[in-house]
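Letters are used for the chains, namely A, B, C and D, taken in the order the chains are written, and counting of residues starts over at 1 for each.
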Amino acid sequence: MTRATVLDTAREAVDGIEDGSTVLVGGFGLAGMPFDLIEALIDQGAKDLTVVSNNAGNGEWGLAALLKAGRVRKVVCSFPRQSDSYVFDELYRSGRIELEVVPQGNLAERMRAAGAGIGAFYCPTAVGTPLAEGKEVREIDGRTYVLEMPIKGDVALISAHTADRMGNLVYRKTARNFGPVMATAATTVVAQVSEVVEVGTLDPEAVVTPSIYVDRVVRVEPRHLQVEGAR
Amino acid sequence: MTRATVLDTAREAVDGIEDGSTVLVGGFGLAGMPFDLIEALIDQGAKDLTVVSNNAGNGEWGLAALLKAGRVRKVVCSFPRQSDSYVFDELYRSGRIELEVVPQGNLAERMRAAGAGIGAFYCPTAVGTPLAEGKEVREIDGRTYVLEMPIKGDVALISAHTADRMGNLVYRKTARNFGPVMATAATTVVAQVSEVVEVGTLDPEAVVTPSIYVDRVVRVEPRHLQVEGAR
Amino acid sequence: MSTQEHTDRGPLDRDELAARVAQDIPDGSYVNLGIGQPTKVADHLAADSGVVLHTENGMLGMGPAAQDDEVDTDLTNAGKVPVTELPGAAYFHHADSFAMMRGGHLDVCVLGAFQVAGNGDLANWHTGAPDAIPAVGGAMDLAIGAKDVLVMMSLFAKDGSAKIVPACTYPLTGVGCVSRVYTDHGVFAVGPDGVTVLETYGLSFDELAERMDVPLQRA
Amino acid sequence: MSTQEHTDRGPLDRDELAARVAQDIPDGSYVNLGIGQPTKVADHLAADSGVVLHTENGMLGMGPAAQDDEVDTDLTNAGKVPVTELPGAAYFHHADSFAMMRGGHLDVCVLGAFQVAGNGDLANWHTGAPDAIPAVGGAMDLAIGAKDVLVMMSLFAKDGSAKIVPACTYPLTGVGCVSRVYTDHGVFAVGPDGVTVLETYGLSFDELAERMDVPLQRA
């Protein structure tokens, strides 16, 4: 892909996402969730989507709002069931959404494979469990593995902390999570960031997602998310 | 592995490496080559080694010196033939060393697989070439892939720029190359560094090799390597 | 070595159980503590133990839960609870984090469980209830992702049946992956050689043997 | 479109050839230039082209060769020549670097070759001489590692035979991977549809057709 474009609005950043697309959505719970891009996608109107994300939405915002708007045909995730995942729960129980549950590490590694040009890989996770049913199994050097296929996205919507104008990205703490992996695994990669800086500002040793992976960048206003306090 | 040990000498850092070990040696040409550890290994005396490294030594120092000392049974590398690889050339032509040539990206990915617990992976590199002969081939989604197996080391000898006392590592420029991958792929990981700093000094966002991968750290004096000038 | 029977006292309470697990975690080891009860183990690790905590959402060097002003939405543990960062921490993305687990680099992982079989099979992600929405998270990755996988749970279910069983009836999380089970009523080694009782609390070996369906061996 | 025949001049010299390749590299694209002749292409990219150079030993944003004081043993290209760093650069390790290539993220890769077959097969790593020490480096990864793989070479070998051939006789580097071949005597599209002559230099289409063993088509 050629160099990234820095756009003014989240709405422009999700332009052209087509009905039926597979959309990789970053974030682990609230951390790294690209809220503005998801809201823009709801506004943009694409439907019949397959969403790949760790969770299936919380409350009625973010991914849950996209689900509630009826735009998602299928969710591929590791952990749909949360205390406040009632939007997904209701859609699932009423048969209005498909679900593929994937172990969290396989979700990451399958996207990594898509981004790295790996055709498939033998993975020890889930061997002998219901999530390996129907999958090819192989013994290698005395250990049993399951064959896992890449997960490729048409679009990735991710959230990073800072971008330079070329599209190099750095993240912040555990909000990094799926972002760098999804950025490698989709045809079009859109990043919302808190800050856009001039080229040459980021430390080349500390860039996490090199610009080659990023197509569109949009700066968004920080939002103050409510999180649970300490246990 | 438990927390890394910071040692005083390179010789202590290579203690216990056994005859017949598979040793992963970092570096790409001179950049990132762990010269002090290799010299210490020559001194230590382990023999019948399998060395996995990108090249097969230059001149008569570093890896070439280890080869010249007759300690290496087999080299697994991507590019043994260089303008000054006469030590290897002579050993190879006289049948005194085995060679497995592996495409450079497969060398990296096979070690990455070993470190990541992947049993094997289907790779598009080398399909239809002599380097894929005898390997299992599989078509996936219309593309042909070759099955590649992990490369695991007993020991990795790498060079990084700075370590903290826990063993977190950062590298410098393209000297990073194979270091971070090899650090994941060996039972015992030894890093020579230019500087050891206190825990808490390195930026947690910029650590490249987390301490969990590192067993032994030794600070070495910088050496002034002679390199070719501009083309 | 012999089975330590502590019949002069009741079962371990939750804090005692967490402390008991903590006692078996070697100094300087790299450890992942699963969501829920296992999290409590951190409170019982000595300050100078040098144990480094991994959280699978992408961090080594995790500190205690964040209090008040420390809360940062960008820094949580795998249970999505705000946590803190210790000196020497490192962040990494999900593929790297699970590669670290899957590759066998963690020394110890402590998990909760619904059932553990005598051979070390683990069931901790799904009760098998037909109307339950399946959700696995990192459970299966954790189950195979450490040199030692320890389980921490109450020994008996609410209906009085033992949760160490001849064979799991709930859907499996991992096959033969558990090495030890720490419970309120005892500590058990499990695996290819079956179940060995290392310690009992509040019940004798014989009382345990009577209440459990799996054959027990003395240590 | 039609074949451009430049018969009023001689073949392209090395600089002209590098400039001709550079002309076809889209502004803002991510490009890997192979060792040797392809390196020269960089000198002919416009300063404002926004092209970003990848070097497979672990860097995006590579600058020109290092001069004098700029030489730094920690910063080289894939040919182990000291280079420089441009603003916006990023460093990464070998597995990440080759994942970037293998995953098809580079727009263009320019390689040298011993032979290219009409169907796009590439031979550029081994002459097949029985006493040669095999050394592949990143050649096979590069061959399959970009959206467009361009080859840059002299059209004729020293013995006068054309290096675009019906089928490679040297050991292959990659199968059907080359899309265009830039030579001193012409520019050729290769692939499943065979060889199309896009431009000629110093020879006419008919003269080329006579000297080459592979069927040629006009554009």
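Going forward, contacts are C-beta pairs under 8 Å (C-beta built on N, C-alpha and C of every residue); 3 or more make two chains touch, one makes a residue touch a chain.
Just so we're clear, the structure is a prediction, and the values are computed from it rather than from any experiment.
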item: Which of A-C and B-C has more C-beta pairs touching across its chains; value: A-C
item: Distance-maximising chain from subunit C - centres being C-alpha averages; value: D
item: Between subunit C and subunit D, centroid-to-centroid distance (C-alpha), Å; value: 55
item: Distance from subunit C to subunit A - Cα centre to Cα centre, in angstrom; value: 29
item: Interchain centroid distance [CA atoms averaged], subunit A/subunit B, Å; value: 33
item: Centroid spacing, where centroids are CA-atom means, of subunit B and subunit C in whole angstrom; value: 35
item: Multi-partner residues of subunit A (at least 2 other chains); value: 109, 112, 116-118, 123-124, 171-173, 205, 208
item: In subunit D, residues with contacts to at least two other chains; value: 59, 85, 91-92, 99, 101-102, 144-145
item: Pairwise chain contacts, counting only pairs that touch as defined; value: A-B, A-C, A-D, B-C, B-D
item: Subunit C-touching residues of subunit A, taken from the complex the two chains share; value: 28-32, 78-82, 88-89, 92-93, 99, 101-109, 111-112, 123-131, 144, 161, 171-181, 208, 225, 227-231
item: Sites on subunit B touched by subunit C in the complex; value: 1-3, 112, 114-118, 164, 166, 168, 184, 199-200, 202, 204-205, 207, 210-213
item: Residues on subunit C engaged by subunit B in the complex (per definition of touch); value: 26-30, 50, 52, 54, 60-61, 85, 87-92, 99-107, 144-145
item: Residues of subunit A defined as touching subunit B within the complex; value: 109, 113, 116-124, 138, 140-141, 143, 145, 149, 170-173, 203, 205-206, 208
item: Contact set on subunit C toward subunit A in their complex; value: 39, 55-59, 65-68, 71-76, 80-82, 85, 91-95, 97-99, 101-102, 121, 126, 131-141, 144-145, 171-175
